[in-house]
Structure formats: C-alpha cells, structure tokens
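Here it is, the structure, as structure tokens.
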Amino acid sequence: MSAFLTSIGYQHWVLPALLVIPLAGALVIWVHGAVTRPRCAPGGDEVATGVAAAPRGWALATFAIEFVVSLGLWWSFDPGNTGWQSVVDWSWIPMWGIRFTLGIDGIAVMMVLLTTLIMLLAVGGSWTSIRARTHSYYALLLVLTAGMLGVFLALDLFLFYVMWEVMLVPMYFIIGIWGGERRIYASLKFFLYTMVGSMLMLAAIVYLGLAARDPATGLPNFNYDWILQHALVGSTTAKWLFGAFFLAFAVKVPMFPFHTWLPDAHVEAPTAGSVVLASIMLKLGTFGFIRLAVPLFPAAAMSPTIRSIILLLAVIGIVYGALVSLVQPDFKKLVAYSSVSHLGFVMLGIFALTVQSVQGALMVMINHGISTGALFFLIGMIYERRHTRLIDDYGGIARVVPMFAAMLTIVTFSSIGVPGTNGFVGEFLVLIGSFRTEPVFALVATTVVIISAAYLLWAIQRILFNSLDKPENEHVPDLNKRELAVLIPLVACIVWLGVYPAPVLRRMEGAATKFVSQVDARRDAMVTADAQSAPEVQP
Amino acid sequence: MLPLLQAAAAGTHPLQGTAASWLWAVPLLPFLGFLINGAFSIVSAYHAGPADPTLAHGDGHGDRHGTHDEEHGAHGDDHHQVKRHPFAMLTSIVGPGVLLLSFILTAAIFFAMHGAGEIATPFIQRYFSWMPVGDLKLDAAFQLDQLSMMMMLVITGVGTLIHFFSVGYMQDDPGYPRYFAYLNLFVFFMLLLVLGANFPVMFIGWEGVGTCSYLLIGFWFSDKANADAGKKAFIVNRIGDFGFLIAMFLLFANLGTLDFDAVRAASTSLQFGGALVTAICLFLFLGCAGKSAQIPLYVWLPDAMAGPTPVSALIHAATMVTAGVYLIARTGFLFSIAPVAQIVVVMIGALTAIFAASIGLKQWDIKKVLAYSTVSQLGYMFVGVGSGAYVAGVFHLVTHAFFKALLFLGSGSVIFAMHEAYHHTGSHEDAQDMRNMGGLRAYMPWTWALMWIATLAISGVPPFAGFFSKDEILGGVFARAQHSTIADAHLFGISGSAWLYFAYLLGIVAAFMTATYMTRMMIYTFHGPNRTGDKEREHLHDAPWIMTGPLLVLGILTLAGGWINIPEFARFLGPVGALERWLDPVVGASTQRVIAGAAETSPGLEYGLVGLAVLIAIGGIAYAATRLDPKSLVPKREAVPEEGFEKVLLDKYYVDEIYDAAVVTPVVGTSRGLLWRGVDAGLIDGLAVNGSALFARFVGWIGSQLQSGQLGTYAWVLVIGVLCVLGAVTIR
Amino acid sequence: MITTLDVTVPAQLTLALVPDLVLMGGAMILLVWSALRPESDAHQRSVGVASIILAGITMVLVLAWANRYDAGPGPIAVDNFRWLVDIIVLLGTVFAIALSMDDNMRNGIRAAESHVLILLASSGMMLLAGARDLIIVFLGIELMSVAVYALAGLNRRSERSAEGALKYFLLGAFSTAFLLYGIALVYGATGTTNLQLIGGRVAMFALAGSPLLVAGVALMLIGFGFKVALVPFHMWAPDVYDGAPSAVTAYMAASVKAAAFAAFIRVWLEAFPYSYSAWHGALAGLAIITMIVGNAIGLQQRNIKRLLAYSSIAHAGYLMVAIAAASFQGSSAMLFYLLVYTLATFGAFAVVVALTRDGQEAVMIEDLTGLWSVRPWLAFAMAVLMLALLGFPIFGGAGFFAKWYVLEAALQAPVPQTTLAIVLVLTTVVSAGYYLYVVMVMFMRARPDGMPAPERAGGLTRMVLAITVVLILVLGVVPNGVANLARAGRPRIDVDPTLTTLPRRISTAPPDTAPRVADARAAEPNR
Amino acid sequence: MLPEALFFSAVLFVIGVFGVLIRRNAIIVFMCVELMLNAVNLTFIAFAQVYGVAGQVFVFFVMTVAAAEAAVGLAIIIALFRHRQTVNLQNINLLKG
C-alpha cells in the first residue's frame, strides 16, 4: 500500500488536496444551485421535490473522495518519524512573514481521519433531515470541512488562525438556518463566545510572530517550528499570551465555566451540525492546547498555579458536566453536557503530562468523536420520526425499534466507557496516566465512571425501556438501511478501538511522547532561565 | 521464581503444546454463540424503516406485532397464543451447544493440566498488544493456572447446565435468541475475567459481566421495575469498579506494571502492612464489594432477581457474584501483606452474612429469599478469603455454585409451574410469592427432593457439600484468630484476634439463621396445604426433563461436591484436601504468610467446632420446622401486612430508602437546583454571558439616549470632550 | 532653511499639485456645464458620467505622478503616502458618483451639481493628502467640508437631509474653530506652520513640554477628532449620515474619513513625534472610548444607515490605534485599512441604495428580513461586507487583513500598544453583535408573506457592489500587492540638513518615555 | 503686548464657545462660531508680531474660508427654514438615537 502511495507521490499532494477537494465540491454545488435556483422554491421541501438529490449526491461523492484520499494517510504516515510529514510549504504573504505551510504528525493524522469519516457520515445523517435550501447546506458543510482540516494541518500560526475562524461561519449558518426553535440565539451565542477567545488569540499570534522576527530580514515569522524556537518571551508575557490562547481553546473545548454555549448550540443545531460540533469542533480546542498553547508556553502552562487551576477546572468540568447531565430533560442537552465531562478528561490528560495521560487524552478525543457523534446521529434519527428530543416523550420504544435500541445501547456503553469499547481505552489511559502525577485530581475524576453510568443508563432506560405507554410511539418505524450505513462504521470503530487500539496508539505515540518530553524539557529550561533572571525580551 | 518465569516466556511451559494452547477457544466459543444468536435476534426483529422517515408516520407497519410482545414469556400475564421465535430451534442448538463445547475443551485442558503434574507457574498466552503506551505495556493475554482452571470448570460446567435449563424455561419467550445471545456473552466475559493475565483484561471481563447482568436483569425491560433493577445493578457495580480502577492506578503508579505475574513479583518490595498496600487492597475490596454484593453495596443483588430465573442462577449465584472472591484469591499475595485490609474484608463479610440472613428470614418472594441467602453466603466466602483461608473461600465458592444454582433452578421450576398454572386460568396472582404456594411436594416431587438436598447443603448438614466448605471457613477463622499475622494487627485499636473471634461468632449466628430461613422457604413452598387456587392446582407439575435434568446433575454435585476438599477429620471419605493441593501453587504462599507458621488446630478443638456447626445447622432447621405452621398462611392477596420488626425485616431495614434519601435525592436535587439551574443557567449563562451582553447593550442604550437629536446637547458633549482632552494633556 | 510657504518655488507647489489642479479645474468646468442646462435626470446622469471620467483622468495623472517627482520638504508633500491616499479618495469618488447617479434617480434628486460637489470635495481631500503645512491642511479641510456640507443637504425635498446638513455645518464650523485655534497655538509655540519644521523645532528647542504646544496639539486633536468622528466628538455623524442621501453618506463615511485620517496621521508623524508623551494618553483614551462606545451604541441601531454610522465611528477608533502606534508601520497599516474600509463602506451603502424605495424615510434592518430568499446575491454581498467590516478572515476578505495590519503595527510600535490591541480585539467581538444581526436577519429569518421584494438595483449600484465585493474577497486571499504598496506608502521625512547637526534627544520628558520617529524608524527594519 | 493679545483672544474664543452652547437660534450660533474664528485670527496676528508674515497670511485664508462657509451655511439654514419655518435649534430633532 505504501509503495503504491509513494509511486503516485501521495505525500506531496495529499494535504493541499484535502483542502481543495471539499472547496471544489462546494463550488460545484454552489454553482449548480445558482444555475438551477429558479426551479427551487425557497424554503420548500427539496427532498420531496427531488431538488435535494443533486447537492446531496455531490456532497456524498465529494466526501467519499475526500475520505478515500485521506485514508492513504493511514499507510503513508510513518509512526517512527516524529517530525512533520507530508509537508507543503508555499509562500503566501511574504511581507508579513506568512506562509502556507501544512504538515501532519501522528495526532493530526488521526484527527484528519476522524474528520473525513465523520463528515462523510454526516451527509448520510442529513440526507432526509435537511429539506430546505439543500444546495447551501451541503456547500457550507464542505467549506466547514476544509476549515476544520485546515486547523489540523496548519503549521503556520497565521494559517491556523485563519482556518480557526473559517470554520466558524459555516457552522454559524448551519445552526442559524437549519437549526431548531432557538437557533438564532444559539448560533449567535456560539459565534460570539468563540470569537471572544479567538480574537485574543489573534492578538497573541501577532505578538508571537513579531517576537520571533527573523533577524536576517526583520520580518515576522509565523512558522510553528520557528516560533517554538525563536519566540523568546519573558515569563510574565508568556503567561498573558498563554492566557489568550487558553481562552480561545478553553471556549472551544469547552472547559467549565466557558461551556454554556455548547448545550444551546448542540440542541439547536441540525443533526449533522451537532455531530460535527461534538465530534470534531470540540477537538479543535484540545488540539489547540496540544499543538499550540502548551508547547509554546510550557513554563506558563505548567507553572504550578496555572496548571493546578486548569486541572481543577478540568476536574470540575468532568464532575459538573456529569452531574448536570443527570437532570437534563432533553436528550441532546444531556449529551451536550456529557461532552463537557468527556472533554474534561482530555484536559486532565493533557495537563497531567504523562505519556499515558496524553495518549489517553488523544484517544478520548477520537472516541468522543465517534461515540458522541453516533449518539447525535441516533438522536437525530429518532427526532426525524417523532419530532421531539424530550426523554419523557419516549419510553419502551426498544420494542418498536429494536435496531435503533441495539445501536443506542452499544453507543451508550461506549460513552460510559465499558471495557471492550473504545470509551474505556481513552478514559483508562487518561486516568492511569494522570494518577501518576496528579493522584487527587485523578481520583476525583474517576468517580465519574459512576455518574456517567447513572445519567446515560437512566436516559436510555427512559427512552428505550419501561413500558410503551405513549400511543404515538407505537408505530415509529425502525432505522432504514441508509441510517444503518451511517451507524455501522461508527459501531465498528467503537469495537475496533476498544479491542485493538494499538495501531492507533502506535501512530500517535511519537507525537505524544514528543509533546511530553518537549514540554517537560522546555519547561525546566525556561524555569532555569528565569531563575537566572533572564531579561524580558521585547519583541 | 524468575528463571521459571523466563522459562514460561520462552515457551517451555509444561502446558505448551497440550490442549491448553487452545485456551483462546474457551471464551471465544461463547462469543461466537453470542454473535450467532445476536444475529438471529436482530435479523428477526428488524424491519427496515422507510427511506424518508420524516414523511412516514407509522402507516403501513401493521405487520410488526411480532416484536411487540417481548415482555411476555415466563412473566407475561396476558392470554396470548404461544408463538415460538422463528429461530428458536437454531438458538436452542447454538446457545447451549457452544457452552457444551467450551466445557469439553475446558475439561480437556483440565486433564492436560492434571496430567502435567506439578505446575508451579501460570501458563501465560499473549495474543496481541492491547494498549502499548510508554512504559505501560498491556497485552491481550490469558493466564491459565490452577485457580483460573477451577473457575473455568465451574463457569462452563454450571453454565452449560443452566443453558440447558434455559432452553426449557425460556422457549416461549419472544426474545429467545436475544436471551441466549446475552447469556453467551456473559459466559465470554466471565471467562475473560478469570483468564485475564493482567488487571485490565480482567477488568474487561469484570465490567463485561456487569454489562451482561444489566442486560439480563432488564431482559423484560417493558416493566419499569426490571429496567430499574438492571440500571441499579450496573451503577452500584460501577461504584465498586471505581475502587478497582483506583487500585489499578495505585499499582501502576507504584509498581509500574499491571500484569498479575509482575505485580506478584514486585509485591515483595511493598512494606508489610504499609499504607500503600492497605490502600490498594481496600480499593480492590471496594470493587469486590460491588461485584459480590457486600455491605454497603449489596443492594443491587436482591433487585437483580427481576431477571429470568436461570440468569439469577448463573450470574447472581454461581459465577459473577463470586468474582470478588476470585479477585481476592487471585491477589492474595497483596492481601496477605495487608492485615488491616484483611480484617476489614472479614468483618464486612461477616456482617453481610448475618445482615442478609436476617433479612432472608422474612421475605415472601421465593427468589428474594435465595437472593439474600446468596448475599449472606458471599459474606462467608469473604470471611474465608479475607482471613487468608483462600482455599476455604474458594471451596465455598465452588460448593455454593452447585447448591445455589440448584436452588435457583429449582425455584425456577416452581415459578415456571406456578406461572403456567396461573397462565392457564388467566389469573394475575404473583407466581413467586410463597404465600401462593404450599404443598407443592405432591405436584413436583423431583424438584422437592432436589431442593431439600440443596437446603441441607447450604444449612451445613453433613455430608452435603456446604457442610465441608462452610465448616472450613469457620474453622479457618477460628484458627487464625488464635494465631496469624491478622491476629497481630490492629484496627481501631482492637486486635485482629478479637475481630476474628467476633467474625466467627457472627458466622455461627448467621449459620443458624441460614438453616432457619431455608427451612422456612422449603416448608412454605412444598409442605402444608396448597394455596395456589383450586382451578390452578391441576396445572401444577414438574418441569420437563430439559429443565429437571440439569437439576439432577446439580443435585449430584451438591451431594458429592464436598469430596473435592475433604478435611482431616473426615479422611475416611477419600483423599484429604485435594483442592488445597491443587490450589497450592497459586495461594499456598499467601496462606502460609498469613498463618505465619502456626500449628494446626488441636483435633479436640476442631471436633468441637465441627460439632457446634452441625448442631447449629440442625438446630436452625428444627427451629424452623417446629415454629412455623404452613397451615396458618393465607394467599398473598388475603395476607395482613406485617408490623414491627417483622416489617423492618420485610422492608430490608429500609436500606434502599436510606440510600435514596441520603445519596440519590441530594445528588439529583443538587444537580438540578444548584448546578444546572443555579450555576449553569443562573450564574454563568445569566450573569456572566448574557449579563455582559446586556451590559454592552446598556452602554449602547445610554449612548443612544444621549443622541437626542438636539444640537445643543451635541455641542455640550463636544465641549466636555474638549475639556477632558485638555485636562488629559495638561494634568499629569 | 525652509521657509514657510515659499510660493516662488513652483516645483514645491504648482507642479506638485498638478493632479489636484486638474481635478479642481475640471470640476469648475463641469460646474458651469451642470448649471447651463435645466435640471433633469438625463443631465444629472451625463454630468455624473463626465465626473467619473474626470476622476478617472485624475487617477491616471496621480499614477503618472507617483514616483516621478521629488519636491523636497516644501508645503506640499510629494510621497507615496499622498499618492495612495489620492487613489483611495478617487476610488471613493468614482464609487460615490456612481452610487449617487442611481440614488438620485430613486430619490428624485435632479441636481446635476451633486457630482461636481463630490469632485470639489475630493479635490480638498487630495489637498489634505499632500498637505505638509498647517495652512494647506486647513485649506484642504475647509475645501472638503464646505462641499460636503452642501452635499449633506442635497436632497432639498427632505427635511431630514436639511436637518443633517445644518447639524453638520454648525458643529463642523464649531470644531474647525478648535482646530484653527490649535494651529494658532502650535504656530505660536514653534513659529512655523510647516510640519517638518515643527517637528524639528520641537526636538531642537525641547518644546515638547511647552504649554502652548501641548494645548495646541490637544486642540488639533479635537479638530481632527471631529472630522473623523471620534467619541465624544462623534455626535453629528449618525444624524448626518442618516439624513444625507445614501451615496453621500457613503462618501462621508469613507472618503471624508480617509482624507481626514491621512492628514491626521501625517501631522502627527511629521510634526508631533517628539511630543509623543504629551498627546499619547489623550489619543489612546479617545481611541479606547471610541471603540467601546461606537460599538456599544451600534448594538442599539435598527436603521442601517445609523448602524453603519456607528460602525464607522468604531472603525475610526481602530484607525486611531494605528496613529497611536506612532510609526510608519502605523501609517502603512492605515493606508491598507482605509482602502479596505472604503471598499466595504461603499459596498454596504450600495446595498442600502439598492434597498431604498422612493419616498422611504430610512432603510431599517427589518427591511432585510429574509432577503436571502428574494435577492440571494444581494444578501450574499451584504454578508461579505458585514464580515469584512467585522474583520473576519476569508469570508470577510481583506477586512481581516486590515485589522491584522493594524494589530501588527500596534504591537510592533516602539512602545507596543498592547492595551489598545486588546481593546481592539474585544470591541471587535462586540461589533459582531450588530454585524451578525444584519446577517442573521437576511439569512435566518423567513421573509414575511406579502413583503415586497426590493426593486432591482440600478446597474451602477450593482457594478459598485460587484467591484467592492470581488476586490474585498480577492484581497482577502492575496493581499500581497496592496500590502506592498501600503508598506511603500509612508510619509517621507525630508530631514532638514540644519537639524542634523543638532542633538535630537532634547526633551523635557525622560528619554525613554518619549519615543521618537527616529526611534520608530530605527525599529523598523531596513527593507 | 503678546500675553494681553493672547488672553484677549482666548476670552473671545470662550465667549464664542459659550454662545454656541447657550443660544438656540441657528444664525446666532453661527455668528458665535464666526466670533471664535476671529478670536483665532487675533491669535495669529499676535504671533505674527513675533514670527513674521506667515501668521498674517493665515488670517487671510481664514477670512476667505469663513466667508465661503457662511455662504453655504446660510443656504443650509434657509433650506431648513423652508421646511420648518423656524431656525430654533431646539425644534430640530428629527434625527436622533
């Protein structure tokens, strides 16, 4: 396989191709929509009239191509090489020191694969649930994909920021146009919340690029590696800069107490929107911590106070999210809060800073993407049938929709972290790794294995089990073949990653180990430098 | 030790190349069964929905009544045409078939092991790397030693019998293949539990059996009570799993490994009685308390009786609930250096034994009696393994598996018969309440006889199996109270010796109660006048042979099970201490460490103790037989409610209610009122988020109010601005 | 030694002003022509076309003059900064005339002289761009303002238009008095009105702390602050923008502001770099309060023109950050920003023009409801423009780079303007509240039944819209060319040879609190 | 002489400012602005005594510009008067918010 990939020069074009394919697909759909617009009644049911066939077909094809192209990364990626791979480095705006640099490491590879898979399935999840303005919808979905992949691939901080913002707008529209009752409030909240953080990050990125000015040319430089080595900032400045990055990423993660946009956005977004939000967008926050915030300012991030605060917030988030999930009447909201809890594990893993915990955090990122994505798909599917997300409106439907029940149960077990499913691997690694450095936090976090079982089992009991006492539930049709096709890959991943996660772990090991050792080393180096009262380096 | 380990690693283990190399197939066969039965279940139940679900509102789906009636079967209370599942025949072959094959393979491995003579090291098979992360190298690996061998025999042996019984018991259930799928999956996980070569693999099995238990308890999920019970079992088990996880974390953080073998090797570096090892053991025991239903986590087990009765027999009596006992035996090398933890285990075990037994005294539901009995017996096992008498504990585990499975299956037969009877007449009476039974001996003689055997066994009447094992536990505790490392330790300032004597005392009292409530159950069920009802009575009869057959086999095992570890004083029965010798490579060293070289108990004392135990058992039976009058009982619907302490016992000391009020309600209330409504919606969202948005709007509102349209205002503002700027530049 | 206003050196005045003079002369001729014929739509349009052609010719002339001609440190600056500002202004002029041709039709305005007034105002702006003497600055401002006063009241049928014009005129004249007083005081403190001489003398004679100079600087700050609508001198802007015809509003919001800012930053960079410590606090304070108040009041607006007015106030705040940087980075950033801002503002007002119906008092945001379903391209363009004003990457095109450049300048300044940068980014978030509201209304609200679709926009409006949107989007991906121009377009300091021998660091303030342009230039790497 | 002239012009300027702030008639407000401009002119003249001709040249420009401004301004006032029949600024507040 890898020989074949080499023969077609795969690693030279794959990363830009991953960005270009969805954009090209979006363009095609957009043009098609613009050309055929007179035929579509705005706001009408385009699925029934057949107008939706072209855009969703195109989207499906594009995402399929995208997925197949990205799949090559699985083989072309060399786990033994801890540097950047498949790098492309093009000039973009030389006078501002901005370059178009893409590259991947083990972490990014997995995130990219997750993204392409989830997006492909998201089309399936939107197939009949998006019935109006389908051209715009699928075009936005494709643009969104390019933005998210761009964040994972960017090796230039400027590019990173641009991509970070680019994904915001499509999501804003997806929630705002195709969302539920309170979609406008939710979409604006999502946008503003994220923007508060990201605008400060913008200032910090500018500052960093200037701090890392190339002595030869005097130009700022935003290259990731370059900044890592050359952006020397004093410890106080570093704390402020870290704060800016922290806010941007913490909102996205979302960490307690920056999480309140999430329940609203999740609940109001259409199915695919929720899936993408949960599966990928939240990961961008934690990815940001791993890629930028922590490695760039190891001394600040890992200074005892800041670290304890973040760990505390993470653990609060873990417990808090679980407890609040317990009492949610709306299943989507429940899953949203459970995301707060799960992502808390990721943060705990990252800041506990052991190889196990970081690897575990990465696994949780992937697992949460799969399990919670699947949960949102399932909620969307039942919502399409009954038009309610309230848990109390269901009850006993396992008898009517056995396949749905089976899928929901498996996915729930994964989300609870039952061993043998993927959920366990991530949580276990995070906790066992964190316990080595932060036993108290890990101990408290571990209690959530109890609460998570409580809230999810209680919820599925009230949905699937108990007596079938509502007449409107008696004739709900079971999942159809398309919906099964969406879910089965996810369920397969749940089992695969639970039983044999080693291939994934191996691919990420290099990056995770590098992260830990680099942060450790640079933290100590910087602390020593500070102790020798290094002068504040002004940009 | 080390060279031997290396030898094992190098593939020169004596079991290499024998039937034991097929070890992987033992759990995999049930898993295969799960896949096949699961496929049967889902394929038959699944009717693909319409391509566009939004437009479909249930029209044209009248043909799905087949899947509507899952709740019936043994529990159903409606008249309906019995309609067997289309895959019933295939399931009946696959479900028990894979178990039988698995048992045969297990037996073959056992004989290979037996033939290989003394095997000092476990036979470890590594299949693939599971979680290789940094210095954490977790393999998917199995470990075969004498302990796991024995557990495998029990699991596959008793499991096979119960599978066969289930064929009869569940045959008319619409969820028949689903049932067998779960049951097969359970056996898979249970085997994983006992075969795992490291803690995490064991933990897969540990939680896997919990999951299956959840699914099976809630098998008839349409009834809220059943679904509740399943959920409760899972969550309470999770509390225990929390302990298990923490114990693993402590082990890994301090010893750097989670492989049993490596931990055993590294445990020598731990300080005897140190805080670390005590903590590890206590957290492990928390796990055991959850899985094995000990105080304070026993509450799920009685509720778990909501599942089909064979499930109760297999999971909630014979196998899963004993996993905690197995875990302590498995990690005996840790417990034996943590005497304080051992005292805790013993005391919790003893308290559970007497506490559950006392509740058992007043239960009317036949399965509830057995459930509390199980809890109580598990307490005994913990007294055994806790006091370092690992063999005794495990021995009781085995015999208990036999007689309790027999009791449950017997009660299953009774319920089956009662249910059939009520079903024929369309009555809605409770088929499990003993007040509705009585005099069944005449209608179900086989069941009656076999259940009496089991009752005598559990009461500790010689020569039935329970007598030997229970006696060994009590004797072991007594001996260790006299002299052992535990006796030398202190907990709360009280010497271990005193604790152990106290435990012994509790054990004796509990034994009396056991005999009493079991006899009570037998008398109310099988003796005296029948209270089922006149019309129903004619339909009562013994179960078909597919169900009674396994009962017979279990009856034989209950009779003869004690022979596997014959005590010194009964050496006339056969070879003494076969089980003890068999398990010696695994637990011998740990046992010796606890005994600390104490001499055997003097024969006189031993005879005295045995005599006391037998007296207690017979006394308990006699007490029940003389004091209880089945003739005075009335059927459930006519019964008057209990009062006073009887009511407290019937309501199980209100422990569930206390937990509800002390834990569940506050947690839910706090989450809803304080965290969600207060912190989330109020503080963060209301005050911080929307508040800052409001504040920005407020500033804007002020500004736009100032924008009055009056030129004069504008000029004033302008001049004020001028003054401010002038002030700013001049005043420093 | 440079003398003030030496009219005997034609190279410093006449030759340097050729493009301006051509525009002025042409405007005069067109004025006569426009008065010759009776008012009619056709006449209005033909004068408009001629005006556009004249503006085009001037632009060609500017391009021809650029880089060709050196005038030394005279009263007229001949540098790239001036030429670039000229181009931005002329671009705005063309847009404004084009929009105003369509807008006049819609509102029934037949006054052909409106285009000529725009040309005259533009010539004032061009004068401002090249002014290196306070007299020229004053003349430029007045030439521009007087024409714009008239433009604001162009719609003689509208009472609102007249009211706006009156407010603008009275307050404008009022603030001009302050500016003039400031000029007088600066003249009194330094004895010259030439910017570079002022700068030199402040340094040479250590005048930075002189009360006369400080008061003069403060009053000039107020005068400029009025022209660019800084809070609290902004109060005329929303009313005037609201009352004036949309095309004129766009012109005022974009070009007037651009020219005023150009003069502003030139005066500050050339004349007052050595009094940094005197003005910086006040200027930064004005910037902060402008950013905050402008955006906050923007949240309250439901009338699009008023919303854009507050938006333009907020943008003035952002641009003040570039001035506060007190570096050539700042002036380059400002040039880039002004170009993008001009494009976005004209685009947005083109949408307003497209939505205007005859006799309608004001275009409210509610008029945009569900615009997407009836005029998708218009909605799309408006969304891009709103995001550009918000400074959003890719979707907002070059709007993001504009902000980026300002941020970079602020943080790269000799004294990094971190506080201002942070306020800038945070108030940007506030501004998202109203920019996104517009987007939301267009895309996320359903158009009510029976609400008529807007009339088809005029060809010129659509052209303006297309050009601005396409330029913004293209510059949002490849800003290289414009960014390079902006970097090259710095005011040139023709250092007076008599000053070179004198010590530069004479100042009453401690040395490190008074950064100088010289420092700024040293900090700027040689490229 | 210089301080006195400066002081006098400053007083004039402030009077003008107060006039603008206090009076409500558009014409009078405009007159006050003119007063301010003339105050500035006085300042220029005073400084011209010290520095030479440039200040005086400036005054000519100011006067010219003021004249032009007056023309436009009065036209605007008349235009408004036609609509409202008043030049009282207090009544002119259509545009606000």
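To keep things simple, chains are lettered A, B, C and D as they appear, and every chain counts its residues starting from 1.
Please note the rule applied: a contact is a pair of C-beta atoms (placed from the backbone, for glycine too) under 8 Å apart; a residue touches a chain by one contact, two chains touch by 3 or more.
What you see is a predicted model; the values in this text were computed from it and never measured.
Engineer: Give me the set of chains touching chain C intersected with the set touching chain D.
Structural biologist: Touching chain C and chain D alike, sorted by label: B.
Engineer: Which chain pair racks up the highest number of C-beta contacts?
Structural biologist: Pair with the most C-beta pairs in contact: A-B.
Engineer: Can you identify the chain nearest the overall CA centroid, using each chain's own CA centroid?
Structural biologist: That would be chain A.
Engineer: How many angstrom between the C-alpha centroids of chain D and chain A?
Structural biologist: Here chain A and chain D have centroids separated by 63 Å.
Engineer: Based only on mean CA positions, could you tell me how far chain B sits from chain C in angstrom?
Structural biologist: Averaging C-alpha atoms per chain gives centres 78 Å apart.
Engineer: Taking each chain's centre as its mean C-alpha position, how far apart are chain A and chain C in Å?
Structural biologist: Going by mean C-alpha positions, chain A sits 42 Å from chain C.
Engineer: Would you kindly tell me how far, in whole Å, the mean C-alpha position of chain D lies from that of chain B?
Structural biologist: 95
Engineer: Indicate the residues of chain B shared as contacts by at least two other chains.
Structural biologist: Residues 693, 704, 707, 709, 711, 715.
Engineer: What are the residues of chain D that contact at least two other chains?
Structural biologist: Within chain D, residues 20, 29, 89, 92, 94-97 contact more than one other chain.
Engineer: Considering chain C alone, which of its residues make contact with at least two other chains?
Structural biologist: 166-167, 170, 174, 238-239, 300-301, 433
Engineer: Output every touching chain pair, sorted by label.
Structural biologist: All chain pairs meeting the touch criterion are A-B, A-C, B-C, B-D, C-D.
Engineer: Quick check on the complex: what are the chain C residues that touch chain D?
Structural biologist: Interface residues on the chain C side: 4-5, 135, 138-139, 142, 145-146, 149-150, 153, 156, 159-160, 162-167, 169-170, 173-174, 176-177, 180-181, 183-185, 187-188, 191-193, 238-240, 242-243, 300-301, 303, 306.
Engineer: Help me check something: in the complex, which residues belonging to chain C touch chain A?
Structural biologist: 372-374, 376, 387, 392-395, 400, 404-405, 407-408, 411-412, 416, 418, 421-422, 424-426, 428-429, 432-433, 436-437, 440, 443-446, 478-480, 483-484, 487, 524-527
Engineer: Where on chain B does chain A make contact in their complex?
Structural biologist: 41-42, 45-59, 61, 64, 67-68, 70-71, 128-136, 140, 200, 203-204, 206-208, 211, 214-215, 218, 221-224, 226-228, 230-231, 234-235, 238-239, 241-242, 245-246, 248-250, 252-253, 667-668, 670-672, 675-676, 679-680, 684-685, 688-689, 693
Engineer: Sort out for me which residues of chain B touch chain D in the complex.
Structural biologist: Of all residues in chain B, those touching chain D are 704, 707-712, 715-716, 719.
Engineer: Where on chain A does chain C make contact in their complex?
Structural biologist: 37, 42-43, 93-96, 161-162, 165-166, 169, 172-173, 176-177, 183-184, 187-188, 191-192, 195-196, 199-200, 202-203, 206-207, 209-210, 213, 217-220, 538-539
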